[in-house]
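A short write-up of the structure that comes next.
We call the chains A, B, C, D, E and F, going by the order they appear; numbering starts again at 1 in every chain.
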Amino acid sequence: MPLTDLGVDELVGYQPELTTPKDFDAFWERTLAEARSHGGEVKADRVTSQHLLHTVEVDDVRFPGWNGEPVAAWLLRPRGADGPLPVVVTYLGYCAGRGLPTEHLFWPAAGYAQLVVDSRGQGHDTPDRGMGDGTQWVEGFMTRGIDSPENYYYRRLITDCVRAVDAVAHLPGLDSDRIVVTGGSQGGGLSLAVAGLTGDRVAAVMPDVPFLCHFRHAAQIAGEGPYPEIAKYLRWHSRHRVGPTFDTLDHFDGVHFARRATAAALFSVGLMDPVCPPSTVYAAFNRYAGEDRTMTVWPFADHGGGCGSNPPAQLAWLHERGLAPGR
Amino acid sequence: MPLTDLGVDELVGYQPELTTPKDFDAFWERTLAEARSHGGEVKADRVTSQHLLHTVEVDDVRFPGWNGEPVAAWLLRPRGADGPLPVVVTYLGYCAGRGLPTEHLFWPAAGYAQLVVDSRGQGHDTPDRGMGDGTQWVEGFMTRGIDSPENYYYRRLITDCVRAVDAVAHLPGLDSDRIVVTGGSQGGGLSLAVAGLTGDRVAAVMPDVPFLCHFRHAAQIAGEGPYPEIAKYLRWHSRHRVGPTFDTLDHFDGVHFARRATAAALFSVGLMDPVCPPSTVYAAFNRYAGEDRTMTVWPFADHGGGCGSNPPAQLAWLHERGLAPGR
Amino acid sequence: MPLTDLGVDELVGYQPELTTPKDFDAFWERTLAEARSHGGEVKADRVTSQHLLHTVEVDDVRFPGWNGEPVAAWLLRPRGADGPLPVVVTYLGYCAGRGLPTEHLFWPAAGYAQLVVDSRGQGHDTPDRGMGDGTQWVEGFMTRGIDSPENYYYRRLITDCVRAVDAVAHLPGLDSDRIVVTGGSQGGGLSLAVAGLTGDRVAAVMPDVPFLCHFRHAAQIAGEGPYPEIAKYLRWHSRHRVGPTFDTLDHFDGVHFARRATAAALFSVGLMDPVCPPSTVYAAFNRYAGEDRTMTVWPFADHGGGCGSNPPAQLAWLHERGLAPGR
Amino acid sequence: MPLTDLGVDELVGYQPELTTPKDFDAFWERTLAEARSHGGEVKADRVTSQHLLHTVEVDDVRFPGWNGEPVAAWLLRPRGADGPLPVVVTYLGYCAGRGLPTEHLFWPAAGYAQLVVDSRGQGHDTPDRGMGDGTQWVEGFMTRGIDSPENYYYRRLITDCVRAVDAVAHLPGLDSDRIVVTGGSQGGGLSLAVAGLTGDRVAAVMPDVPFLCHFRHAAQIAGEGPYPEIAKYLRWHSRHRVGPTFDTLDHFDGVHFARRATAAALFSVGLMDPVCPPSTVYAAFNRYAGEDRTMTVWPFADHGGGCGSNPPAQLAWLHERGLAPGR
Amino acid sequence: MPLTDLGVDELVGYQPELTTPKDFDAFWERTLAEARSHGGEVKADRVTSQHLLHTVEVDDVRFPGWNGEPVAAWLLRPRGADGPLPVVVTYLGYCAGRGLPTEHLFWPAAGYAQLVVDSRGQGHDTPDRGMGDGTQWVEGFMTRGIDSPENYYYRRLITDCVRAVDAVAHLPGLDSDRIVVTGGSQGGGLSLAVAGLTGDRVAAVMPDVPFLCHFRHAAQIAGEGPYPEIAKYLRWHSRHRVGPTFDTLDHFDGVHFARRATAAALFSVGLMDPVCPPSTVYAAFNRYAGEDRTMTVWPFADHGGGCGSNPPAQLAWLHERGLAPGR
Amino acid sequence: MPLTDLGVDELVGYQPELTTPKDFDAFWERTLAEARSHGGEVKADRVTSQHLLHTVEVDDVRFPGWNGEPVAAWLLRPRGADGPLPVVVTYLGYCAGRGLPTEHLFWPAAGYAQLVVDSRGQGHDTPDRGMGDGTQWVEGFMTRGIDSPENYYYRRLITDCVRAVDAVAHLPGLDSDRIVVTGGSQGGGLSLAVAGLTGDRVAAVMPDVPFLCHFRHAAQIAGEGPYPEIAKYLRWHSRHRVGPTFDTLDHFDGVHFARRATAAALFSVGLMDPVCPPSTVYAAFNRYAGEDRTMTVWPFADHGGGCGSNPPAQLAWLHERGLAPGR
């Protein structure tokens, strides 16, 4: 339960040296272009199994993601709302899929549309078929296809997440000018990646206790959660792979996405978080390119961050920035 | 992660001998009469800090509980709903208070009113002042005032919970004929107690992975959670207190409340639950007096029970019993 | 088992910035004056259940504590000793009450009278009834009434401890000029508080591995024991309470009592103590106002400190200072 | 460290009811026929990087496995041995690939050829690309493609393992009449599956502390290792999948392979094994169809089984059965 | 914290089959005769470093133990007591030596003499030099010399303990007709062994939560403490040693000593004891030959047993049996 | 799994102050001279129980060690090799004996002779009888005879290890000019000690994750493994022994042996090793006197170091230095 990392005084000035790959921008430009080249249709079917809900309408969505493969999502909105509605695109934590619609009731209760994007391979409805010739990993997704940026799992998942933003324009009643991306832990890392890859197409990004940041350091200091999968992999597969492994990971590091992101940003961090140690979160935050950026510090929180106090704080922050639904 | 108790074949026939106190009914009749004799007003103030919510209205409620002391609750309902609405009275888990209104959005989304009852001493808004001369305990609430049934903490908390049902009639727009009581863990034990003490005044009870059942056995086999507080107390305070301690606890045991309860009942249990081991749940369920009783078995669940799958299952079960809100 | 904190070289110069409340002295002056205004009688009854002891006489004492409420204590002394005897007033560890007289045989064997003071709420014989309107806490005593200095549990307990010193004058055969206060862990923190509040009325203070020191830091670094209750509370109850919570705790911090204490002092510390990390102990010791102060460092000890080696060391230290019983 | 399961007296008679799928034989006949229909070449390249070894020759082998995909293996043999040699086909533990040739020196030292078969997806050299439309799983391989027998990971891996036996005939200098299959933990489960699927083509099978046996029970009682992945999956993905999940697993259960196996068999079991609890091992052993079957009981072993004592015991057992290399 | 073994109803009738070595009596007769043949002097020197104690006199004793080697002990008695005094001979827990005299103040305070016997090799003052040719063990004393009864550590330690009783007659002021032997854990097992080897020379035996009982079962079920050293040894050193190892241990098993003991006996047991599981304690108690035998059951205790409540209970039990010091 | 110590940048310059005992060289000169003065014969018997091995010949060796006592070893070599062969002398990890010959097949497979030296007291075949009057310790070997350098366990074990090098000249077919000493953990510490005590008589030393280095620091920071035995000892036996204890340990510290060693050296270290923290390894490496010294850093390894990747790396390193067997 003690502090897991530096004190807050040191964190605010924490600026580790970065190792941005030379081909970072080209890699992502090419990756996204390829995915978009597959086209594919965005479908939304009203979920009748949720007819017992009175105040929320739910659609079961499939949109084209990496390689044009269909990615599942829930679209929730206040029943009978007049659009176009601002939309909160939510990415999910590690190893959890989109779950049930009834687990996502906050944003529709607040008058927003919400698109809950499945994580390929981690849930029920979206398989991750596409590893190709990628050959090396241990348990968990952190090392799936880690032999090269081409094969790495997060290449496919981040592409899905960007394509979710693309899909918003194809869903009726949503306001493409008011897209907010958010999520906690893995979802926080994904929202940061999307912000870095979509520029001013998203109005705001709210990464909570974000994962996928500052891999080189995280793999050395995180004691719980998925970062230690990297250490475990490198322990088994010998020191000769250390360099190439981090070269791969650099292509997916939130630190580099942060430098390319400009949307208004609300980060959060728990100073007793053993899963996403604070210095890894600040490494991204301190490089964030957008001028409107705020860090919510939960001084005694572990990886739960602000828990139930967090959504109302995010809601208020969005209202302050004119990103409120009409009534 | 293995099974924590008997297999399900043995559980369905598990009928341990009971040790009902002779004065059980008299004790509770007297306790409730005293509490009601204090009168007191039920107040509901619209929570303006929640004005950002579109589909839900929230009232901050105070109703008279044990000794007439004000007990806090949240009342949530679909914004603009025509009453009278069926109402779900929710009791809470151990050491959690009522929290924030935005943590309780499922039932209003489903068209119900919901009254979320604070647990005295465990949360922000309802102190537990009244221990009187009770003298012996260790950390935690399990042993607060355990020296006698008169002084025991759960005497006061259960009384609050019954008085919450009494308060429903004083809150506008609620349908007193369609009261459902529910909760998980401690909240499950409390809902069972309320069902046993209010007879046909509640239409249904839904105890999830209920705590506060079969204390004599639970104190011997539970490895995690609050039951071990009893073992710890008896370890420190010597064997001479074993008898009187369980005499006190017998006055609050869900096994005895179950025998007095007649509402339609939907229990749940996790067969890998180390906090509320399955045999303690079945000890109550197998004695439940009402004829319409169902056990939802989650064979691989720990104390999380059915997690997100549980509320939709409860909702469907209520609809099947005619306890649906109109539209 | 490794070091839990700074090395000893850094500890001896450790001088963190203090945050003494402006009303610290006034708060305690008022608190003690109020308690004393209740008067109340000191009673001592010979304990006949201990008639099997040959060399020790035991009295069961009740003296007036906070709010004039009776506080239990054991008074032990060598059977047939000629008084007046120097007296060791002992305060107890967290969650332990005064226990049985036979657990306190060292000081009477060494020729001293010993007054073992119960901790209200933590033991058998002294209830803690008086929280008034204090409303917020989680399990354990660390957060009981933490919403304000007025309501905080340690306000009542420290007052009891000071009043125990007051009671000495009312117990026959004791020498009020040779009062020693001591205890381990919580008892160490209490003895330090008493030393700070009684000035030269106590001749010596011997805090072992003292708790209740340097709360702001302890809540961030302690991994075991009761300090993490503070972190847990602030984790659940959000960052907005961080400031007020530590404002409350500042009124009870051994660091501030140390600056007001002048008695000869023998501290102890374990450099591998995860419950009361060494820097929290040194924070108090390094500010101790009395000139005759000694730190016993147990370099490989955990929270057990010097264990059985400690009482003889304390006894020798008292003899060196002329605080020996006559023979 | 205590016993993790029944005592040995109960284990020897342990005969749980089996739930063999009706299509078990047809499923495997079809699966193997399909794999064989792909043909493919067996290649063996002398590994020059091992030129520093004096007594062992190493070939890097690729043979066609499931879907005709190339599966990696090491072939080790005593340098300069005259063939044909008896061959020990070794399958590997969970999450380990074939590693380095120098980790497999026992059998060549004893005069045997040894074929060390990679586990697809778990190691360096053999990817597992083929999940097709399989959609549901959590971390680890236990639930990869668990939605149907067609998609399940172990369908592909077991097929690879059978095809390794097929490959022996295509490798020069090996004696196809003296094939022994063996392995520990996952490798033990795989060797048992191969014995059940190849009949008298293998001369002996030696499963050590075998995994992949009696899934229905193992998922309920195993406290460590990979079996709890099943419980975790069913915890998250709700009780409605319990039946279909075990229907899938039944197609891969060592209990059913054992009933079809006739080779001489040497099992081992550790009575304190928390990963592969003894009753799951005996469930397979007690159904083993071959008449020459022996169980080596290590009464105080955990999942390490007989450790270094095991290979010499296996070697002696093979010699007793005429399966010795000539000299 | 749950029950670690059978319930008390089963324990009272627990009668496992015994495996008494044929040479048990001869082995011990020979062992003790050899030790006594060495003669040796009992020396007692007044400890001047304890001059600060007022009510207790302390002697530093050396008496001849196994092989005639000097064994250290403390002799404490009430200062100035008229003898002859009844004497409590105390044996110690695993890995603790006799410590400091001030850790043993209860019995002298109650008017008894107390002889605190060091455990060779485990403390400061008595080396264990004599293993001879014994060759096999791992960490800890449980396996020191376990290759044969001749070489086993407890042969030497139990001999020391018997010789401590012999030494009483040579210490002035003690009453050899009123010798009580006692101890907790290892000390409990040793006191039981002494009772079995000294017949009516000891008036009473009080084994608390005794260790060294029912080794064959204990090694299989104990999860903490020293019994698992046996399992660890047999895990490393292979199954072939299981039989001989328990043949050795049978010579030192409290179950066999109990059948030979006739003194009045007061046992204690904790039903949640993971170190000395209750069935191992009852295995000895249920075979105890003396008619005056009592079991104190602490239903919620772990290995701490009755803690501070225990000595007063023992004192009262001794008084009831006429074993009180005069006054 | 995080880093357990300093980062690699700090480690390479880590130069803690040393506390070399003045009598260090004299102590060891005297110790070895005494041991050698006992003479004694080196015996080697062909092990017929290993006749099933084809490529390896095994001798069971006894050579004279400390006090001339016979120390067991295995001598393995390629069957039929023409000598003289270079020889790898291997020392073992803590609490493991020489085990079975079949656990040591790598070096003979690579064409070397290998002498596997038993650790007295830790295994099957070599007792540690000689503690003399040494009197104080707790469980484990770290504190056996720690009261003085004369009595300390590692004095005897290191002497055995040096005498193993002496024995090489007496074993036929070995090349005394090409002796390599190596081992992991304790074996690493021992090989370093031998290198420091034998000068140019050994051609190379390869200490893997070596133990027995920089005791004063290790006892403060190691969280697992045997170093904490020292902390535990000093916790129980009070601060007054701290100085003498480390004075003893200084005589056996790898840091001091490193300064006297000149052979070509290949160290290894795991940066996440909690048993032998990296700074303790670098403390020795950075003082190593020989010019040809290399550190293999496994950045994500725990105490397993390079596991299976290590022996081939060592083999290649030896070949580079001309220490290859002929063919």
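Throughout what follows, contacts are C-beta pairs under 8 Å (C-beta built on N, C-alpha and C of every residue); 3 or more make two chains touch, one makes a residue touch a chain.
Since we're looking at a predicted model, the values are computed, not measured.
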Chains in contact with chain B and also with chain F, listed by label, are A, C, D, E
By mean C-alpha position, what chain is farthest away from chain A?
E
Please work out which of A-F and A-B is bridged by more C-beta pairs in contact, and write that pair.
A-B
Per the C-alpha means, the centres of chain B and chain D lie apart by a whole-Å value of 50
Using mean CA coordinates as chain centres, what's the chain B-chain C distance in Å?
39
Chain B, residues touching no fewer than two other chains:
236, 309
Pairs of chains satisfying the touch condition
A-B, A-C, A-D, A-F, B-C, B-D, B-E, C-E, C-F, D-E, D-F, E-F
Spell out the part of chain D that touches chain B in their complex, as residue ranges.
219-223, 228, 230-232, 234-236, 238-239, 242
Across the complex, what residues on chain A touch chain D?
95-96, 121-127, 129, 131-141, 236-237
What residues of chain E sit close enough to touch chain C in their complex?
52-56, 78-79, 99-100, 102-103, 105-106, 108-111, 308-309, 311-312, 315-316, 319, 324-325, 327
Residues on chain E engaged by chain B in the complex (per definition of touch)
1-3, 7, 271-272, 296-302, 304, 306-307, 309
